[in-house]
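First up is the structure itself, then whatever we jot down about it.
Labels for the chains are A, B and C, by order of writing; each one numbers its residues from 1.
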Amino acid sequence: MFQVRIHGRGGQGVVTAAEILSVAAFDEGRHAQAFPSFGSERTGAPVVSFCRFDDRVIRTREPVMEPDAVIIQDVTLIHQVDLFSGLSPDGYVLINTSNSFSDLGFGDFFDQYHTERLMTCPATDIALEHLGRPLPNAALLGGFAALTGEIAWDSIDKAVREHFAGPVGERNAAAVRAAFDYVASKVKEVARASTN
Amino acid sequence: MLRQIEGSKAIAETVALCRPEVVCAYPISPQTHIIEAVGAMVKAGTLAPCEFINVESEFAAMSVAIGASATGARAYTATASQGLLFMMEAVYNAAGLGLPIVMTLANRAIGAPINIWNDHSDAMAVRDSGWIQLFAETNQEASDLHVQAFRLAEELSVPVMVCVDGFILTHAVEGVDLLDQSFVDSFLPPYEPRQMLDTKAPVSIGAMVGPEAFEEVRYLAHLRQLDALERIPEIAREFFESTGRESGGLVRPYRTEDAETVVVAMGSVLGTIKDAVDARRDLGERVGVLGVTSFRPFPSDAVRDALAHARQVVVIEKAFSIGAGGVLSTDIAIAIHHEQTLLRTVVAGLGGRAITQRSLEKVLDHASRDELAALTFLDLDQGAVDRERARMHATRRSGPSAENLLRDRSAVSPRAHA
Amino acid sequence: MTSQRVHFYQVGSFAVGNRLLDEDERTVQAHSDRTNSIDSGHRACQGCGEALGARYALDAAMRATNGQIVAVNATGCLEVFSTPYPETSWRIPWLHSLFGNAPAVATGVAAALRAKGQKDVRVVAQAGDGGTVDIGFGCLSGMFERNDDVLFICYDNEGYMNTGVQRSAATPPAARTATTEAVGPEPGNTFGQGKDLPRIAMAHNIPYVATATVADLHDLERKVERAMEFRGARYLHILVPCPLGWGSASAETILIARLAQESGMFPVFEAEHGVVTSVSHIRRPVPVEQYLSRQRRFAHLFGANPRPDIVAHLQSMAEENIARYGLLQPEMERSS
């Protein structure tokens, strides 16, 4: 089972992101479950959604407390919300920001983690470029595919086009591709640096 | 067709396949997505003929359903929590009149303090109303149960409530195999009312009944629920034969054959419990699960059979009767009525508190060592309760307890739930 | 009495030049010693008209009563966003009971105050349009009919916003909501339905009924103060645009409220004992299109498949309002 927790703010499509991710996993023939953190939050309030997928039937209904990956859609949540609780040292982190991971002021918090699994991605900039709106959720899923390799890029692509019909789907798919390429190249960069 | 779909949408689409003729809607979380989706189908003309009525309260919603059903239409509505209580008088009335309305209850806690999250207090509050109450374990079952519910309701002239855990199921996106129209049409024949407002054959429905016959009327309602005890498994079997899916029925045992300890529960938490039970089985413990699908009518015989060999029964309940204890537990106790069995009640998941596998395993661990008290509350913060008791003791004007407890808990674990 | 006592200065943004007024003509909100009955830190959306309306209304009520207010609140956005876990924005005694019973709970508070001889403490009950015109209507009519000493304020955002934007009996025709989707031949909410609560309130012959919008702060505050001069049941119906539910820009809440009034879609008036005593005249009449086209809930009337027939229907409703209340300035009526 692979479990993902997505943090963001109301209005950023946090719940949609988990849903699309689950559809992508479903399209790959896996069992998948997505659900929101069920608040009565207004626009701008911190929200969480979850997605888990597995080759076996998923029976559990508990929230994701020990995620394999955490996606952070809004960098202003850092130091406000307990974003990384339960994340194992083998876990992945993808943060939406144009800063680099080391500039985010985590200190020694991630010393035990794998550097090549900790990434940032300027998903809002990518979204602005391709959608004209600051909605980073779809782009981050492309980044997620590149970072973890758990879901194929084209499954995300298909699920995004299914969710957003027509030209909006096209534009989101372009954002997915751009973020995928961005993160994939960063992952390669880190890998090269660590083998040197 | 198997689709990755939100629970509410799967339910709405299945309800539409049942060809309801009157749907009345009043919004309340977490039921809203269901009625919104049905409303959109009516508005778009894909569900027709069907009247979709946006009413002004839940009391009106159930009342509209009563009028429609008494006029021979297949009627559907959905609600939760405060909404169910607001329609309470009409809920009893629909059952008393024997009108086969189907209602989805997206289970949610009852306030005050206001809380939109899941537990079973709402369903328990109407357990004596005369409605059949079926609990869904997954969204697949939630969808399937609606077709069975209309069939059951109309055969027996008894309203049926399909209980679906709010948010946990209604807002979860997962794989659901949706039925096709031809199957539903063959499984669910057109509604043939037993009583109907008809100018060609006028009847009076709802006359006063005095002491001379009231008891008989009530007893008859009870007998109809006992009939349902027969029909629920038969309908589920028939459904299984066509679809291959084990949706519905009275109870659902899992690894109970040689189990010393059996956990009993209702609804979506059964999935997490099964995971916990598998984990304990791997450690060599003999534990099993009994899911209760039909809460009303209560399947005493089936429960007794399933628990006959258990030394200990642990009932995990998402509700309780304040001042007494477990609700489901009481029915279980009456069903098994033997002194040798240890009966334990664990109240869990109130107001949406997550029920985790870790906590469940702790319960099973205590149970295996006979250390479980007769009534416990899962993951209760005893310290916070004690501190509030102390405050109440220290000052007369200690203020609203709910707010005090919130502040206390958030001071201990700041933003733990953010 | 006229509702345009103050002739304020207008800039392109419709902002009111408070600074240019005499000290005693400035609004309650213009004073640094205002009571902040609903304090900052609540969780309403950006540009929420309801948050604004509640703030104006309650601080005005506080000034009118020397800070002697108890508030009762129905379930809804205002209740939810003002009491976020684990905090509260209210600096006045405040009680939330249920969605449908706020008028009756307020009657209870008023009765207790009377029983205790606390004549100076006044009761304000507040609810959204759903809590007022739909589920709370029975209790509200009872409170009116008994003439209980309660000021009831309806924050009308024309839908059930707290539960995700469903239709209420205050939703205008053609508006898209989650239960009146913009699909089919008659997209959005149905014509020929809905309730005009201010007029229903007037039919109860209660001492004071008024409507207002968050676009005219002076008018709104004055009406609250006027309401507090009466004893008995009073009703104030405030139009509060909801950026989320209406699909409007957060920065345009005031503008949209003003356009609602200036187009005739929302008549602003006051009535005493069942008789209209003043109306806010339209100063710069605008076609309803200008009001509608700024809101995504009406988007299906414009764009690729426009529905001029439906817009015309809404325009005729606005004109009915204009005629019923005489909303045009007398000199304009002459010139047109």
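We take it that a contact is a pair of C-beta atoms (placed from the backbone, for glycine too) under 8 Å apart; a residue touches a chain by one contact, two chains touch by 3 or more.
What you see is a predicted model; the values in this text were computed from it and never measured.
J.: Is the chain-to-chain touch network here best called a line, a ring, a star, complete, or other?
T.: Topology of touching chains reads as complete, every chain touching all others.
J.: Pick out whichever of the two, A-B or A-C, is joined by more C-beta pairs in contact.
T.: The comparison resolves to A-B.
J.: Give the identifier of the chain nearest to the protein's overall CA centre, each chain being represented by its own CA mean.
T.: Ranked by how close its C-alpha centre lies to the overall one, first comes B.
J.: Taking the mean of the CA coordinates per chain, how far is subunit A from subunit C in Å?
T.: Computed from C-alpha means, the inter-chain centre distance equals 41 Å.
J.: Averaging only over C-alpha atoms, locate the centres of subunit A and subunit B and give their separation in whole Å.
T.: Each chain's C-alpha centroid was found; their separation is 34 Å.
J.: For subunit B, jot down the residues that touch at least 2 other chains.
T.: Residues 29 of subunit B each touch two or more of the other chains.
J.: Do you know which subunit A residues sit against two or more other chains?
T.: Those would be 40.
J.: Using the touch rule from the top of the page, what residues of subunit C touch 2 or more other chains?
T.: none
J.: List the residues on subunit C that touch subunit B in their complex, please.
T.: Residues 75, 79, 85-86, 88, 96-100, 133-135, 137, 160, 163-164, 166-167, 169, 178-181, 183-184, 187 of subunit C touch subunit B in their complex.
J.: Help me check something: in the complex, which residues belonging to subunit C touch subunit A?
T.: 43-46, 77, 80-81, 162, 244
J.: Sort out for me which residues of subunit A touch subunit B in the complex.
T.: Contact set of subunit A toward subunit B: 18-19, 22-23, 26-27, 31-36, 38, 40, 46, 58-63, 65, 80-82.
J.: List the residues on subunit B that touch subunit A in their complex, please.
T.: The contact residues of subunit B facing subunit A are 4, 6, 29-30, 116-117, 165, 167-168, 171-175, 268-269, 271-272, 274-275, 352, 354-357, 415-416, 418.
J.: What residues of subunit B sit close enough to touch subunit C in their complex?
T.: 25-29, 32, 35-36, 39-40, 43-45, 52, 54, 56-58, 82, 86, 111-112, 114, 403, 406-407, 409-410, 417
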